[in-house]
């Protein structure tokens, strides 16, 4: 006799299964996973070559360059968030699973952030050294990125979910995501620039933090809804 | 009776046919074709947001930022150079055509440059205005880009040809192309930076020009060889 | 089974339009436990689309879908149906066992089943640790069948399960579906109508 | 044809290895004007690879290829052979006529042919201005045939020309190949061996 | 046939190369040890401290030989790649590929020791000086060759594609070497010359030469071992490899 769905499969363990699978996939595709890291390194190391080795100038623009590099690398890796799941049909399976889709989406965002932003966060000291950034600014830069990158991932997920059915969505994605990214960039890089000039910067970080809390709650719900609408 | 290949189909008219087809394709896919332009605009417009509107600072870094933006947008569009031809089998057809492959490759590079770099070149004044670049530097910047971007396209083509068989070659492509791009960036942006400081810059431009002439001759040959080696 | 038990899945004057173009006309269908419904139709007649509407992936343009006699909700569909689509949902980089373990983690596991045993049933013994990417097209299809066997859902929505399979594979599908139905399950199977179908209580719905 | 004319294409003890694994063993073959060579073999037996080696897209690991009795060069192969592969080489965004016009611009045109007429021959009259993307799989295959008909190459390398085609389409392939061979051309055709083949002077090469 | 080519063709037979490598790699690696040990001891303890830099300059005895090795190995890799592409000799393909990881290692050591040394000397770990930048580019080239070779599934096609890349990148080698002359840079100009008068203390030359010889020997030894392993892996289906495996079991 066929039984009904085993009620004992809790949502928590389903999320764990998804997290485990996606992290395993990141590991198996580590060549791809290293891409955002490479891209950020590339952008940052191109600047000294383009501007000439003028330590003060580099130090001055360092926070902005690093923030832009991180933002662009995240933007470029966004496209892959649902791409492979859509192509091989596992996105359908996720949508048909007896679990809240928003939670499953949240798990995917978490893995995306862990895979694309955390490695970059870890080499921020190296990036800062390339650009001669004042060592005392490193903690502020780091905190702003720590708050800003998950925010970018969350906001970006909603946009990606909306464009999930499109074949070549690269440009559209950038166009849609950019306006949402701009405030994050302004407050994130702004905090570091303010700190560099000795101005107060805690306010900007608090704002980022508040936005992050809001996004953690709302973005997965919005992304799940967007997925149901845009699923081809 | 079946005739042999019509000897009257000259190489010139074959190249023309390829140019006509590829330009038509660019037009039919204009959404994709606008991508490098969008990307360059995006990168350039992020900087004032990240650094705060400090006109002198922006003006100082403008040549470097514009050069990096152009270089990255070219790098990101490189991947598509042979991708669609490979996927639908027309690359095979090109390789089997009774024409020198190097010339056909040269035609494809030309179209790539026309589609990805020329639109960016046309909006350079706009980009420069965003970044407050001194108007007197515009001609130098423009000349350096005019010499540098075809050089980047040519050099990049060789690298793309080497990675043509790979599914996800994004990162590898960047890793392989970067070392070859660095000198172009140094001389290209260097010329503008030198001009900004009132130093002589003609030498760097001459060097770029000489490298371009060399690349026009050698890069298509190298790319054709690479294609024959790497064709899966 | 009590005779009055409502069908597992039923649809009343269901229709779907894309850009105001009807893809399949208003139709009614129902599948009860212990039977199979075969959906026949040529290329482009809307079989896949019908299955996706029934699974709740696409909203119907008209009509109503019921699960066990109740208006279908996302949860009730998810608890009742399992889909084997054109796309199988395997990750090429994960091994056969890893893929199945994830499916079980997400959906729960049918009582009394075991991943290794099920792999043996579908003829994949020895491929436990092969990445799904390395399996041939037919073997991938078998892995999809293994997934269905492991999930607790009583109703299988199968989109052209016979494609890509050799004669031996077609017999396997029939064997597996028969066992499922004889055990009180149900199945909704689309096909071009060119293949043998399982020897169970079944009805045919013709699409055009 | 003088009886002493060397075959259009000949290969002597040709072999190909991938990572030191033999894909097809050493084999010899030749195709003369006025005949067809059928290459039979199951999935993965190396038919496509053989065709790619003959066309010069892959370097053979051993053996020698000759065109009209001379060691094959890139030019002589390009002048003699036209390939109809698994991938047809059409641009989805261009119309049927634009695609054919490009093929002719690149390779030259067979004397006495005309794009519109050829489209009619393969049953695509009325689709001249449809983007190739909108054609069905079978129609795409027909467009590929039209390309072969337009090119001046005497030897056709055809990789599973029957796939994706309905019965009427299979008959079309056979008609076209027959006309080509009776006109003094030649063809090298791979297939799973499950379809009827044209009624011309032909030999069969079995791969395994 | 050109005798050099003929020699390569003979050595190109995998079993013959296998025996050759088996015989020589061990001795090369063993011979490298005394040179390295003597050089290190001499460099650390025998040579007097520099009158400007004190003891920190002793890192020179690692920095300079590994810098030389990085350039030498790239050049050698390009030569092998050229032979492999033109004459399609299998063993040269694998020799070129075996060069890349070793070269990348020496390049990384050069960068690392250079930047360790740069901290006390120039007051910074890193600047975008032409010598430093071009050496970094060299590292990227090595990594590119390794990456391309790993990314293509067919071993021979991979080696040929990566070898082609190595050939293209060879323009960077003279740039690294002459960058100190062509641009005015922070980095030391050429101080040690094979011909003519070197501008360093003659007592410093001995350990430098010892380490240089030691690294060359060690490189050749490990090149043979790596190539041998790659060939065994590639030819694992062939009879001669099976025979060797059986011999090892017996």
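Each chain carries a letter (A, B, C, D and E) given by its place in the written order, and its residues are counted from 1.
Operating definition for what follows: a residue touches a chain if its C-beta (ideal position, glycine included) is under 8 Å from a C-beta of that chain, and two chains touch if they have at least 3 such contacts.
All values derive from a computational prediction rather than experimental measurement.
A.B. asks: Keeping to the contact definition above, tell me which chains border both chain A and chain C.
C.D. replies: Both chain A and chain C are touched by no common chain, going by the contact rule given at the top.
A.B. asks: Supply the minimal count of touching-chain steps required to go from chain B to chain C.
C.D. replies: 2
A.B. asks: Along the shortest chain of touching chains, how many steps lie between chain A and chain D?
C.D. replies: Shortest path length, in steps: 2.
A.B. asks: Tell me which chain's centre, taken as the mean of its C-alpha atoms, is farthest from chain C.
C.D. replies: Here the answer is chain E, farthest from chain C.
A.B. asks: Comparing B-D against A-E, which pair counts more contacting C-beta pairs?
C.D. replies: Higher contact count goes to B-D.
A.B. asks: If chain C and chain D share one sequence, what is the angle of the rotation that overlays their CA atoms, in steps of 5 degrees?
C.D. replies: That rotation is 180 degrees, given to the nearest 5.
A.B. asks: Just the number, please: Cα centre separation of chain A and chain B in whole Å.
C.D. replies: 29
A.B. asks: Calculate how many whole Å lie between the centre of chain D and the centre of chain E, each centre taken as the average of the chain's C-alpha atoms.
C.D. replies: About 49 Å, centre to centre.
A.B. asks: Where the centres are mean C-alpha positions, what is the separation of chain B from chain E, in Å?
C.D. replies: Centre-to-centre distance between chain B and chain E: 33 Å.
A.B. asks: With chain centres taken as the means of their Cα atoms, state the distance from chain C to chain E in Å.
C.D. replies: Measuring from centre to centre gives 59 Å for this pair.
A.B. asks: Could you check chain C for residues that touch two or more other chains and list them?
C.D. replies: none
A.B. asks: What are the residue numbers in chain B that touch two or more other chains?
C.D. replies: 172, 175, 178, 182, 186, in rising order.
A.B. asks: Hey, what residues on chain E touch two or more of the other chains?
C.D. replies: Each of 133, 151 in chain E touches at least two other chains.
A.B. asks: Can you list the chain A residues touching chain E in their complex?
C.D. replies: Residue positions touching the partner: 31, 48-49, 52-53, 55, 129-130, 132.
A.B. asks: Any idea which chain B residues touch chain E in the complex?
C.D. replies: My answer: residues 158-159, 162-163, 165-166, 169, 172, 175-176, 178-180, 182-183, 186, 222, 225-226, 229-230.
A.B. asks: Which chain E residues qualify as touching chain A in the complex?
C.D. replies: 124-129, 133, 151
A.B. asks: Looking at the complex, which residues from chain E come into contact with chain B?
C.D. replies: Contacts found on chain E: 133, 137, 140-141, 143-144, 147-148, 151-152, 157, 160-161, 164-165, 168-169, 172, 175.
A.B. asks: Quick one: in the complex, what on chain B touches chain D?
C.D. replies: 1-6, 8-9, 13-14, 16-18, 20-21, 24-25, 28-29, 84, 87-90, 92-99, 231
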